[in-house]
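Both of the next two complexes hold chain A, though its partner changes from chain B to chain C.
And now, the complex of A and B:
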């Protein structure tokens, strides 16, 4: 029972970071970002590049990995997404094309096989007779710190207020003087950094792999639908539901069935409550 | 400086007049058909492509190219069926391979495990595949298109995982071998060529009927459809099922032709290929995706040395097309077909 709790909590926090970014971009910029999984993979691979290949010290290479992930996301927005803003279908296809391009380039440069990165901290802590390695504790700590920082950003700062204004009513926010393009870019960069933090902190456990991009995207989508598109709190709750469910299925049934959990949750929630756990119904009619 | 001045003068004196031939032909004076040239202008673009498609095995006798064209036809049917959803209904499917995979697997299970003969396994497999895919997607049709796109990306990825989980039925990673394949390569070519033409005719009929009109209305403004007293969900489910029928039919044909089904039927590369071909040919035109499919399949065969870079090629093509030329090949051809330029000397 305890291992399920531990693994589920780590997975839940990781998935929460991924899904909240996806949800944030949808809420603020109205972009369904299929490139979100690519950000996750970019962060893992750049960490490998800086830390292992170039031998830069760990904290510096982590920050460099996050910066490069955010930069790539902003570049994607400026060179390509900004041209098709408002055309929802083209936005989706372009972000998917971007994911494919990134994954293929990573495959060319790093090769198809997963790359391992050693744990950031050695050893572990014994909780109730079960050894929890430091990496998992690191994931939990850094996720909580990130989420707290995000909550502060969204609730207290001017940028966050502007974002919330845009999410509530785009026209009114722009009338007041919120710069929409700037907010879209900032929210995309923040979401890339969130996905990047997830990618960087999970890499020692999951290895840097190309499948990781699809795994992150698949679960991110499932969580966002389960929690309600655009709802950050809903995404947080849904991330833990899916995280624990996946671990339970993988432990007691089969690890291959892990991914089917996401689809079942999506279908059940769409039948029972299409707006998700925390989404309000009228938002579905207006936004989606 | 001087030369530019001269060319300016030329532009002033010789002007290019643009005529819209199609519009004139539709107007009352049918002067277009006054000469053989004009008759050819009307008839050739409609007759020549199917003739080439049917006569191709006699022009090129290399079996390899027959196989390439079979593959192109496979993609053409799949992308035309994608177009009914993505182009006309506004439901952009990122996982059309789901239908292809279901069609292939149901056919294989019927044919190999239960010994159903080929002439029964293909229709039953097709129907079952389309029904199964529709069943998975139906819950997301109550909400707007975005949910459908999200789920359609997830579903095939999940299916690959669950194939490995239910290995005793699906054969796992190795897939199912040994489907009945009584036909020769040439016969397969003609089946596929006929299917491409038939699919085009049927889907165009559907897309431009009243039913298709409702679908386009759903794409453009769903609330107004509801206001008109039409239940959009029913129309969307029907469109999904029709589209799924064609996609799972090619899946089951492919399964019989290769005598094999495997997880590769569900791969994202197929769905992305279908989207790329549709965007290349022109979305919401039905024939456009087929043109795109033939062009892109032949192009990737030429660029065989690229190997694993095919997906990169698709991605780059998609990115460039959507940013700079979103109209697609067919609309461009249509435009140049209907207008022609005549030099008019002024003064």
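And now, the complex of A and C:
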């Protein structure tokens, strides 16, 4: 059980970082952002570019990778998404196309092979005979810190209040002076940074790879659906459910079934509880 | 390298006229699994119709090569496969000689001999190191399932091994292998029989080291063959061992080529390079022997050169030091552990940042180290 607890927790935090950004953008901007996986990959590859290729110190490289990711997300919004706001199908197609374009550009520039980045922290600790390396401990710590900072931002700052107002009632929020476009851009940038932190943190454990974009997108969507569209707390809970479920399935059933766990959750939740664990879209359920 | 060397030495002479070799290049991007087969077929078509080449050397992914082979046979162009291992490619020569006789394979050995080389290594490990408990883990692909089912599960018990865990087939896109590593730890395995050709091999190496697994991985992990793998895994690959082409690293078989390649290109070769280098020499010799560019005459010459057998160092100045000889199916002859009988493969182990050949003795540059 201990390895399941240790590695399920690490995986859960990683998935939470990925999914909460996706959920945030849906909650504030009402965009189902299929470009989210691309942000994960962009952060991984730009970390490699700054840290390995350009030999810039790690902390600076990490910050540059996150700034690059956030900047690209904002540029994507201004150039394309802002022009089709409210047209959900167009938004989905544009963000999906963006992901494919990013993957192909990364393939051209970096090549198809995965790229390795060294662990930020060396060594590990042994718990009851199982080794936990410091990079995984780093992931847990950075995830907790990031989620705490996000909670503070959402609850205690003017930006957060504006975001929550938009999420609750867009028309009312705009009537009291909340700048919708500004909030959408900020939420998208924060979302990209969250995906970027996940990408940057797990790259030493995995690699910077093109498949990472689809991995992040698929798991992100599954978690957001399971947790409830737009619910940050729901996404957090759902991330751990899927994280532990994947490891339990791989341990007791089959490694091969692990990759379909998220997909099974999507189908089951959409059938049984369309609004997810903490979703607020009861009107959907009522319609169903 | 080979074309330069041959042309600098005066080219080839056909019926008293001296000719220089000319190289045309098409990138089929086969190393990328998402690139469709059609790109390879189009490349063969361009080489045949636009460049009007006399011989084609190359190919990497078996599915692409099988399609490329059809196109090359259509134009009756000798096609020296230098990268794909599917048995089908050369079985076709026996099944329909008239159509497929223009196909030869210079590397790697076919899937069957690759699997038999794997078993030879495990026979050696059993005899020399007394391993008995093995865990089998592989990426989930048709070729790995066939190799596990038909070779590893069939032969390892006969060699005295107890299969204490697996076979575990992990998805090609797996990003977390903690459950698999926990299973290996709990199995009490001494050695992990691996078969990886894709990215998941890198994930395997990292999880193996991060989780402090004591059992040593010995098998196939294609990415770990690369000289850059130490950096990719920040040294986590230390003591991991993989089957490899002995022409891609320092040693008595391929050292001369390896050194020349690194000096010229500044990076170490992958397994297709030494074979392609030798294939150019082989073709040049066949054309001179045939005294013609007629494809049927080139094929006959290649068969005669191959069937007779020529040591690599006699054929090409820097070539691998093993016998180059084609079988009736135009496959390169496998010498098991004896370079005088044919092509041999090696077991490479990462030892403190260096790739060391630890098997077979004829190619070895060091001894296997255990954790």
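By our rule, the second predicted complex is superposed on the first by the 280 of 288 C-alpha atoms of A that agree within 3 Å, B and C clash if a C-alpha of one lies under 4 Å from a C-alpha of the other, contacts with A are read in each partner's own complex, and residues count from 1 in each chain.
Simple rule for what comes next: a contact is a pair of C-beta atoms (placed from the backbone, for glycine too) under 8 Å apart; a residue touches a chain by one contact, two chains touch by 3 or more.
Computed from a predicted model, the values in this text were never measured in an experiment.
Visitor: Once both complexes are superposed via chain A, do chain B and chain C end up clashing or fitting?
Guide: Result for chain B and chain C: fit.
Visitor: With the two complexes superposed on chain A, say which partner A:179 touches: chain B (first), chain C (second), both, or neither.
Guide: Touch status of A:179: no partner.
Visitor: Once both structures sit on top of one another, what is the angle chain B-chain A-chain C taken between CA centres, to the nearest 10 degrees?
Guide: It works out to roughly 70 degrees.
Visitor: Kindly classify A:209 by the partners it touches after superposition: chain B alone (first), chain C alone (second), both, or neither?
Guide: A:209: touches chain C, not chain B.
Visitor: Report for A:256: first if it touches chain B alone, second if chain C alone, otherwise both or neither.
Guide: both
Visitor: Could you say whether A:271 touches chain B, chain C, both of them, or neither, answering first, second, both or neither?
Guide: first
Visitor: Kindly classify A:100 by the partners it touches after superposition: chain B alone (first), chain C alone (second), both, or neither?
Guide: Only chain B; A:100 stays clear of chain C.
Visitor: I'd like to know which partner A:115 touches here: chain B for first, chain C for second, both or neither.
Guide: Second partner only, chain C.
Visitor: Could you look at A:131 and tell me whether it touches chain B, chain C, both or neither (first, second, both, neither)?
Guide: The second partner, chain C, only.
Visitor: After the superposition on A, what does A:11 contact: first (chain B), second (chain C), both or neither?
Guide: second
Visitor: Tell me which partner A:157 touches in the superposition: chain B (first), chain C (second), both or neither.
Guide: neither
Visitor: Closest Cα approach between chain B and chain C after superposing, in Å?
Guide: So the smallest C-alpha gap separating chain B from chain C comes to 5 Å.
Visitor: On chain A, what residues does chain B touch that chain C touches as well?
Guide: 107, 214, 256, 258-259
Visitor: For chain C, which residues are in contact with chain A within the complex?
Guide: 29, 31-32, 34, 140, 168-171, 173-180, 182-183, 185, 199, 202-203, 206, 210-212, 223, 231-234
Visitor: Quick one: in the complex, what on chain A touches chain B?
Guide: The touching residues are 32, 34, 80, 83-84, 88-90, 92-94, 96-101, 103-105, 107-108, 214, 217-218, 221-222, 224-225, 229, 254, 256-260, 262-263, 266-267, 270-271, 274, 284, 288.
Visitor: Inside the complex, what are the residues of chain A that reach chain C?
Guide: Residue positions touching the partner: 3-4, 6-7, 11, 107, 112-116, 118-119, 124, 126, 130-131, 133, 135-136, 202, 204-207, 209, 211-212, 214-215, 246-247, 250-251, 255-256, 258-259.
Visitor: Going by the contact rule set out above, which residues of chain B touch chain A in the complex?
Guide: 86, 90, 92, 94, 136, 139-140, 142-147, 149-151, 153-155, 157-158, 161-162, 164-165, 268, 272, 275, 279, 308-309, 311-312, 314-316, 318-319, 322-323, 326
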